[in-house]
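Have a look at these structures, which come just after this line.
Across the two complexes that follow, chain A remains constant while its partner is chain B and subsequently chain C.
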Partner chain A sequence: MREIGSLPAIFHLSIIAALFVAQFILPPFHHSMLTRIMVLAAYASGYNILLGYTGLMSLGHAMLFSTGLYSVGLTILYLGFEPLAAFTVALISSLVISLLLGAITLRTSGVFFLIVTMIFSQVFYLTTLYFNNITYGDQGFVISQYLHPINMGFFQIDFADRTVKYNLSLLVFSVAFLLSLYVSRSPLGLVLAAIKENPDRAEMLGYNTYRYKLIAFALSGTIAGMSGAVYALVFSYIGSSLAFIHNSINPLLWTLLGGAGTTTGPLVGTMLMVYVIDVTSSFTESYLVVVGIALILIILGFPKGIVGSIRKRWLTWLP
Partner chain B sequence: MASVEDVPLLETQGLSKRFAGLEAVKSVDLRLEKETVRAIIGPNGAGKTTLVNLISGRLKPTSGKIYYRGVDITNLPAHKRASMGIVYTFQIVSLFPSLTVFENVVLAVQRRLGRGILLRLDRDSVYRQSEKALELVGLEDEAELEAGALPYGHQRLLDIAMALALQPVLLILDEPTQGLSAGEIEKITDLVKKLSKNTTILLIEHNISVVMELAHKITVMADGSILAEGPPSEVEKDVRVQSIYLGV
Partner chain C sequence: MSIGKISRRDAIKAITRSAAAGVAVGVGVVGGVGGYLVGSSSARPGQTVTVTQTAAGATVTQTIPGATVTQTVTAAPSTVTVTRTETVGGPAKEPIKIGFEVHRTGIGAVYGAWYERTTRAAVALINEMGGIDGRPIELIAEDDGTDPQRGVQAVEKLVLEHKVDFILGALFSNVVLAAAPRAGELKKPYFAVSEGYHVPSGQLNRYSFQPGITDVRSQLTAIAGWVVNNLGKKITMIYPDYAFGYDHRDWFGKAATELGATIIERIPIPPTETSFTKYFPRVPADTEVLYHVMVGPAVLTFVKEMGEYFGSRRPEIFGFVDSLEGVPLNSPGLEFLEGTYFWEAFPRYLDGYDTPYHRYYRNKVGVDENGADVNDPKNVSTYSHMFSCWETLFILKEAVEQSGYRRQTPDDYRAFITTLENFEWFNEGNQHPQGAKKFDGRLHQCFGQQFISKVENSKFRVVHRTRIEDSVYESDVDYTKQPL
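Our next item is the complex of A and B:
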């Protein structure tokens, strides 16, 4: 029956607790790796709501990630916004852009959806290049000098501090992670699963499938934007490369590798891939080949991804 | 002016559907009276499924109009018609195979009880009513199985349980007894009979004894058109029907 259930709830909270504790144990290199992984895993968890839960494969998420990224970057750089205000702008703008992009692209389906989302995202990418007098295009810009510490009375949140970076990443990951757990067990999640499996029948049960897909798209896109916003705050770098198609393919890959439709898959896939690329890029330039091989292996060996396969074989209670 | 009572539950006027060159439904005028069982019979390819697809909204007509309770619904999407009470079960069983049997009916029940994005749903009533829907067709012991793992006959019953869980006003059943055992056919016949007291039923059926037992009125289709219409006793005697359909 679809309830969160105490076992999965404890399991998910334990993962968050383990990530929290890890910062006190990990050596600096892995500390910073995990900071990066958690932001990206938040992005992948949002992507999973669309791909894994609803069965829609988008190649446009780089645009949504970058909407959050640029909202934070530009409002801080040009308007002198405080981080929290910039973050709020990022959330709202990525929600609005997701709704608009979804409303248009969800008129199509299957491979057309893939292509149309990709086209919009590439147009966005080219726009960031075109207005390089504002965005600094490919070269990008850094906002660390404008990120003033937030004074909380008895302590300060200093964005240059690695502990702050780590916990900010953990926070955004936890939000995306728990939200995706909640959705997967909710009546809404059941409708999304139904649409993924048999949209025609869902429609005949009286569900407005277009509207539900739009909800999933907006949720997924807003999480992408939120991750982009935190990325800007944590890494302080804002550049066009993050709007490029690579950054749409990445969450797709991480989600497939970890297990589309599982709640923990995106984290597992992101963690594995970020480490694999880090290791291989140290002795080969062509890490894209590695990515390609990984994709082929996933499709052939683990069509359900790592967590998907584990769930099927051993842990059937896993959400 | 006709009084509200005289308005048929469903009426089609000159309803037609053309598929690239083939006219599957030709100017059909159909009137369904409230709380009756109407059977549609006719040879394979007569256009029966196409006609009910037009009524349920899965297909858009090439021309013609559809009225439901006197309101023009010709341009309404399928999901709107379903939420207005026009419920259709496909000729080919259509479920959510990787979800559990229980989740399949929950989907039907929560759609009827829920609003918006289903945040404020009363889960207890959803579960209670879903259990009831499964009991109605005798699938309560299989609730936690994957729907796709059920034997064919039970998948059919689940399909019908989902339709019933929507509490239809007009229930369209497209060959519900196809491929079922005698026992299962009897179960469905009983269900339809019970249901017909407060539901209008449009039944496409090849099994003549089922039709004769259930139908208040029979419409015979051939080649996209209505060939004959009347109470079972009359239609049975109709010479044209016998030659075209009953093969006598």
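Our next item is the complex of A and C:
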């Protein structure tokens, strides 16, 4: 039993190791693609804690992603913060906003929760447009000229360097990925699973489901904010379009495609979607039709998402 | 002092070293548009070019007799003599790769289709002319979905996978603003064709240029005087509540106010709005000029509802043609625009600026005298913007040939960028049919003439053409101080 218990940990560490090694093997373009995919997969992993483990479908995560994004961007642009300080602010603000948003929206459930989170997120999006004299609205702004290299003594962290971008993305993904694994194996994860399966029964057993859902929401939102913060540092662009609703739908799509409630599903789903769009858009302007058909076929073949279906049929030990 | 065969690159390095020793050499303006002298060898086989320039005690002589290139550099006081001989065996076969970040899908798709058509026409023409420095252009297009995130991805794909030499960039400001910094990180020259203010604002980097179309600030600076002097001094502005609208609010407001006008009301309209009736009562009764720049699919509704509200008691109305790019002026609902005025960068109707160059360009792109596809009169072009792709490609060609750019090396890119930064004018001609342009190498931005047209019988009739100097504004931005 102990050996089986350690297998997921080895599996997850192997994935991180493989991603680390990949940077030395991959051609330049795929190197940059994987950089992007890891940041977005971290975002999806955070989303998965809410959707996959707790059964709460949110359309408000673009707001939480953008909280991290704008925290980094605005503190660097206006306050001259160093990247590390800006990142710290982003983490704290994401946690606070997640707790506040969760405290309000978790008073609803089901489709109402979906709508209320979407409304808050849209209000946030319109706020970034309204205060365009500060945020530069939908045009956005860039921070690359303010991201000076950090001298670490024996080496420099230059944010324009592709190795730095890659490993920063790997770091944020690893944190989200391992946190997901930890949650899925912890008593907290078991309570969340209970809430997902039957919230009334969990309540009856004495669990304060509201509090547990709030913890899940805060964790999920903070990871989303952390991903947004790293996105700002890696890609240097901050704009309202990243707060728009499609950036809430994306992690939902990636998670469902990869397998909600699985730790590796968000990575697989994100990677698949990013590559499918990239490849199909090279051949046709109607690539979204192709993507749609591909998604339908995948869902027909893998009704629980790719990793979810693999887990059900073959690798039952997958978390 | 040793004299022997060295590479062109070594020659450049030798000159750079001598400059560091206090000897200024080599960089000068050649001909009407300027150029980069040292290392330049853009002559065709059979052509002989001799250029001599003395600068601060340095003499650079380059002679290209047909198939043999001989370059001599002499610099004082610490004399450096370099002689280089290499054989030019005719046009190189290897194509020059130009990446094209295009809005094939998303909100900019209408613009994207015409931008691509114009770009392909320019590429075909350049290749017919012998290519760039004897090398044919290979155009590689990537769709960015008019999305900032995908814009960055498109730049990465063009540079890292397709290994392009240069990038012809995007139109929409937010996409340019996201993609251009990445191009700068990858040290790849990126040519915006956007009319946005992002390049001259100094937000971007030394690798970003906008030489083929004027920016919105210069357009507004140019036309504000005509609006104030001819239409009225009490102005109400209606604009979309996002970046494009803010540029108009800020720069037109500033220019008009400085000319003695008053902006008596500013009415931002959310981009998601589909009905506009509730906004018109906010227009003050004493408004003399209603300035509007609405864009997007709701623009027909906007015009229709504006007509229903004001009827025949309307103030003078001035707008930007961006609202109507790709839209036939005889579309139902646009009748109210009769007698109103619009800014155009390049007249949609040929008779608005009928020059041989304009006819040549229109013919090559396949646009009829009314601004529509020659094979489909209903397919109206985005005529006022798409010339930027055409003109930018010819500027790129000129800079490559004058700089001697050959390969994707830091030295060649340095030569290319400094050559381009030394350009000062683009003369009107087949390559620049919209008109002559002044180029400011510090801002990486061009300045040019603008047109004001009146809608008459569902057509634009040009009533005023501004001068180039009307569009020039002061700026402290200087990209040339940034390292390469």
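Convention: the second predicted complex is superposed on the first by the 296 of 319 C-alpha atoms of A that agree within 3 Å, B and C clash if a C-alpha of one lies under 4 Å from a C-alpha of the other, contacts with A are read in each partner's own complex, and residues count from 1 in each chain.
As a working rule, contacts are C-beta pairs under 8 Å (C-beta built on N, C-alpha and C of every residue); 3 or more make two chains touch, one makes a residue touch a chain.
Values in this document were obtained by computation on a predicted structure and should not be read as measured data.
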Query = After the chain A overlay, clash or fit between chain B and chain C?
reply = fit
Message = I'd like to know which partner A:217 touches here: chain B for first, chain C for second, both or neither.
response = neither
Ask   = Is A:126 in contact with chain B, with chain C, with both, or with neither (first, second, both, neither)?
value = second
Task = Counting touched residues of chain A, say whether chain B or chain C comes out ahead.
result = C
Key: chain B versus chain C as contact partner of A:209, first or second or both or neither   = first
Request  = Scan A:188 for contacts with chain B and chain C and give back first, second, both or neither.
outcome  = first
Ask   = Where does A:200 make contact in the superposed view: on chain B (first), on chain C (second), on both, or on neither?
value = first
Remark   = Between chain B and chain C, as viewed from the CA centre of chain A after superposition, lies an angle in degrees, nearest 10, of 150
Inquiry  = So in the superposed three-chain picture, is A:43 touching just chain B, just chain C, both, or none of them (first/second/both/neither)?
reply    = neither
Task = Please indicate which partner A:139 is in contact with in the superposed arrangement: first for chain B, second for chain C, both, or neither.
result = second
Inquiry  = Please give the least Cα distance, whole angstrom, that chain B and chain C reach in the superposed model.
reply    = 38
Ask   = Touching chain B and also chain C: which chain A residues?
value = none
Query = Touching chain B in the complex: which residues of chain A?
reply = 1-3, 186-188, 190-191, 193-194, 197-198, 200-209, 212, 215
Remark   = Given the complex, residues on chain B that touch chain A span 56, 58, 77-80, 82-83, 87-88, 90, 94-99, 102-103, 106-108, 110-112, 114, 117-119, 121, 123, 126-127, 162, 166
Message = Considering only the defined contacts, which chain A positions touch chain C in the complex?
response = 27-29, 31-33, 36, 126, 129-130, 132, 136-142, 144-145, 160, 235-237, 239-242, 278, 281-282, 285, 287-288
Message = Under the stated contact criterion, what part of chain C meets chain A in this complex?
response = 104-105, 109, 142-143, 145, 147-149, 152-153, 156-157, 160-161, 173-174, 177-178, 180-182, 184-185, 196, 198, 203-205, 241-244, 246, 270-271
